[in-house]
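Each structure below appears as structure tokens.
Below are two complexes that have subunit A in common, paired first with subunit B and then with subunit C.
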Partner chain A sequence: MDSIYIHIILLALIIISSIFAVSYARVIRGAIILGIVSMLVSISLFLLSCPLAGIFELSVCSGLITVIFISVISLTLPPDEKQRKVNSVSMMKKMVLLVLLVLVCGFSLYMLDSKNITFVPLMQNVQESIDTRDNIWNLRHVDLIGQALILLTGLFAVVVLFKKDKNKDKK
Partner chain B sequence: MSFSLAVLIPLFLVLFFNLPFYKISGKIAVFIASLFCIVQAFSFFIPADASCPAIQSLVSYFMLDFQCDGISRLMLLTSAIVAFSAILVLYATEESDRKQFNFINLILLSLAGMNGLFFVRDVFSIYVFIEVISATSCILIAINKDKNSLEASFKYLIMSSVATVMMLASVAILFLVAGGTDFVTVSNMYQQYGGNILVMSAVVLFIAGLFIKGGIMPFHGWLPDTYSAGSAPVSVYIPGIVTKTLGIYTLIRLFYSVFGFNTAIQSILLIFASISIVFGAFAAINQNNFKRMLAYSSISQVGYIVLGFGAGTTFGVAAAIFHLFNHSVFKSLLFVNSAALEKQVNISDMSEMGGLASKMPVTSTTSVIAFLSTAGIPPLSGFWSKLMIILALWTADLKVYAVIAILASILTMTYFLIMQKKVFFGRLKEGFENVKEAPLAITFVSILLCAITVVVGLLFPFVLNGLINSAVSF
Partner chain C sequence: MSVENILLFKLYIIATPVLFLVGIYAIMTTRNIIATIIGIEIMTKGVTLLLASCGYFNGRPEMAQSFIIIMIVVEVVILTISAGLIFNIVKKHDSLDTRNIRNLKG
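Our next item is the complex of A and B:
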């Protein structure tokens, strides 16, 4: 399971799906692919021995957030034929920009590598001994409150922005 | 320990309001939320260690790892005052019961996030609570669902996301290097490796993210639209406390409790603060829209807070915190005045107004007090905090910045005099003959905020000893 090829394949899949998620003209497909990206990130985190981060990614991002995204998008109107044509042209532009972005990042990393910068010694075996449950309920319980608040806010976003006003409709 | 309640109560109130068995009206929600704000404001005067055993045992069940110091308590008071003002403005300006209900829910969620941010001592938790406040603010801005508010909300969302990415990257680097995210671990790491390029880049990324959230120039692009497009209560709440908490309080907290100062960081703070002060003031002079003028004025005044903090001394931190409190109060007052004008005249273009002082005496008088305080005229609260900022800069041998702060006060005076002349003074414009004073809820808030501005100014020695010195230990 620890083969480096699995990590490389996962990383490549994450990058490719992320590019598709942000460049798809139809937002519903983008949202579904975003869910897949989160799932791939969760697998990668589990393989990298970070179960806590994996659990959060799986539960919050690929689970609830994707469901909220898809439900919100389903409530909006689909684009017409004219809009679709405009979107497909802008998608080509986005692709060119993405290639440029990848090239700039690659060049920057190459330049950084050649500068021979002294990096800080990284901490080894960070919190390896701590149990995941212990981590969630004892160490990061404050963040759980924050996450509950964000989820409630997301629900209110759907209610406030997308629920039809019955009184307005009657008028 | 009992300060955990400041986060838990609003969270439980939102859950309680939305239980499926019954329906709570907007007015009851407004009443309960106002009551919570009053209790929160009075909690400032209760000593941190004084707590009822029953409450302690209840809160200990949740084991929230919060810590409270003087700065947290002062911020708790400030957020309660501003939220209370926004809720009363909501009550006076919003007729739809459903909208009132939704607004109260969102403001309670935002308050829970904000109170959490005041008490956490962990860089990742700071990021989490910043996100709570940003998400609620985004929806609050868009709550009217018209073109302007949706556009402003979208701008805020995009800029906020950029800031979020920067801060998250910074937290990731800090975690990578320090092996933990709590303040003590990160601070110890920073003492050892503060000059390292990786650590410095993490700190700069965090500062840039906070500058975007705080609307410091040149990261202010989203701010004028957001302040002017939101509904009246949103225009009181977001400029009054949200941007200051997200951008400025977090900046002060991180550098006061974690990173400390070095000359590079100090230069960044002082230069960006000076740009904000001067350009914000010049931009405000050229505005015709009342709310946009106040938005640019906010950019300028937030620059003063960062400038005071940039002095890098404990006195500078005290001055910054004091100006943050004062600015929250008098800027909220000015936005309440703009809500009063919007409600009674239904115009925000200042060139179309005139002579309203005779028709709206309370709004006119309180706006004069607020602008005099903003410009730093004695004996109002703004004078003392600006004086402290200038003294902090002078004693830290940053005389050029002290002179900039003094000269920019003249610009502040200029744009507020232009505003007063256009809106309240002169002959009454045609069509305004039947204009009346704003509703009782709005005038009550105006008088309350005005009283705080005057009393804090007049009782400055007591405020300095009781409020500021306890917040920042000299």
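Our next item is the complex of A and C:
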């Protein structure tokens, strides 16, 4: 068991950096900070004895997703100052939403605390100390079919969305 | 569970909905499509952490790991499709404003 302070510091850093990621007007900064959030989450996953998930998070979410975000941002036109002002939601509305969300969060945390949760219910029909690879390939193989279908859907969507308009080229 | 573990578990239970709410706040307060997707990503980070913490305190992190890996794959597919959609929206409307795509036509 690691020191509890490491977890507290990591969680605080994750929350603060995610707030920074959403509050920047320039999305490129937000995308870079999102990569940092992913990196911190992967450290948390390592501490929570999920090393495989941590590696996935670090390589895919912190690496690939940040690269995709930056390439999307660089390929789209940056909004000018006038457009940015039009796009931004009024400060008053933002504040009202923030107060509302804090109230909802506070109420739900109060309810959670009053329930005095001290355990996570065990899942039924799960073998003890089964390896992650065995778990994925043998126990949850239906999920793998779903995963393959989702990947194929993504592939199909990318082919359709990035297809060149032939009629436009003829004109 | 020991007292320290219970405290840590409660900490994760408190922190992960906060992350989820930060994502919802980002989606509600922006009209930029890319910022909206950043909000969705932050929401999934919260869910990932909650899954990992539940697996850890349950004593079965292997189960949580497999779910997290599946979720990461779904996350990447969502992002790739939304990148394609963003390209098409920018090509059509020359802007990243979500108000341009509110009306359904067809």
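We take it that the second predicted complex is superposed on the first by the 93 of 171 C-alpha atoms of A that agree within 3 Å, B and C clash if a C-alpha of one lies under 4 Å from a C-alpha of the other, contacts with A are read in each partner's own complex, and residues count from 1 in each chain.
One rule holds for everything that comes next: a residue touches a chain if its C-beta (ideal position, glycine included) is under 8 Å from a C-beta of that chain, and two chains touch if they have at least 3 such contacts.
It should be emphasised that the depicted structure is a prediction, and the values quoted were computed from it without experimental measurement.
Using the contact criterion defined above for the overlaid structures, shared-chain residue A:A157 touches subunit B and also reaches subunit C.
Once chain A of one complex is fitted onto chain A of the other, the partner contacts of A:L149 are limited to subunit B, with no touch recorded for subunit C.
Legend: residue contacts after superposition of the two complexes on their common chain; A:H141 is shown touching subunit B, with no touch to subunit C. In the superposed model, C is the one of subunit B and subunit C that contacts more residues of subunit A. In the superposition on chain A, A:V27 makes contact with subunit C only, not with subunit B.
By the touch criterion defined above, A:I6 lies against neither subunit B nor subunit C after alignment on the C-alpha atoms of chain A.
In the superposition on chain A, contact of A:E57 is made with subunit C only, not with subunit B. Of the two partner chains, neither subunit B nor subunit C is touched by A:L103. The interface of subunit A with subunit B overlaps its interface with subunit C at residues 117-120, 122-123, 126, 143, 146-147, 150, 153-154, 157, 160-161. Residue ranges on subunit A touching subunit C, taken from their complex, read 1, 4, 7-8, 11, 14-15, 18-19, 21-22, 27, 30-31, 34, 37-38, 41, 44-45, 48-50, 52-53, 56-57, 60-61, 64-65, 68-69, 71-73, 75-77, 79, 83, 86-89, 93-94, 97-98, 101, 104-105, 108-109, 112-113, 117-120, 122-123, 126, 129-132, 135-136, 140, 143, 146-147, 150-151, 153-154, 157-158, 160-162. Residues of subunit C touching subunit A in their complex: 1, 4-15, 17-19, 21-26, 28-32, 34-35, 37-39, 41-42, 45, 48-49, 52-58, 60-66, 68-70, 72-77, 79-81, 83-88, 90, 94-97.
Put simply, subunit B touches subunit A in their complex at residues 7-8, 11, 14, 62-66, 96, 98, 102, 105-106, 109, 112-113, 116, 120, 122, 124-125, 128-129, 131-132, 135-136, 138-139, 142-143, 145, 176-180, 189, 193, 196-199. If you check the complex, the residues on subunit A that touch subunit B are 117-120, 122-123, 126-127, 138, 141-143, 145-150, 152-154, 156-157, 159-161, 165, 167.
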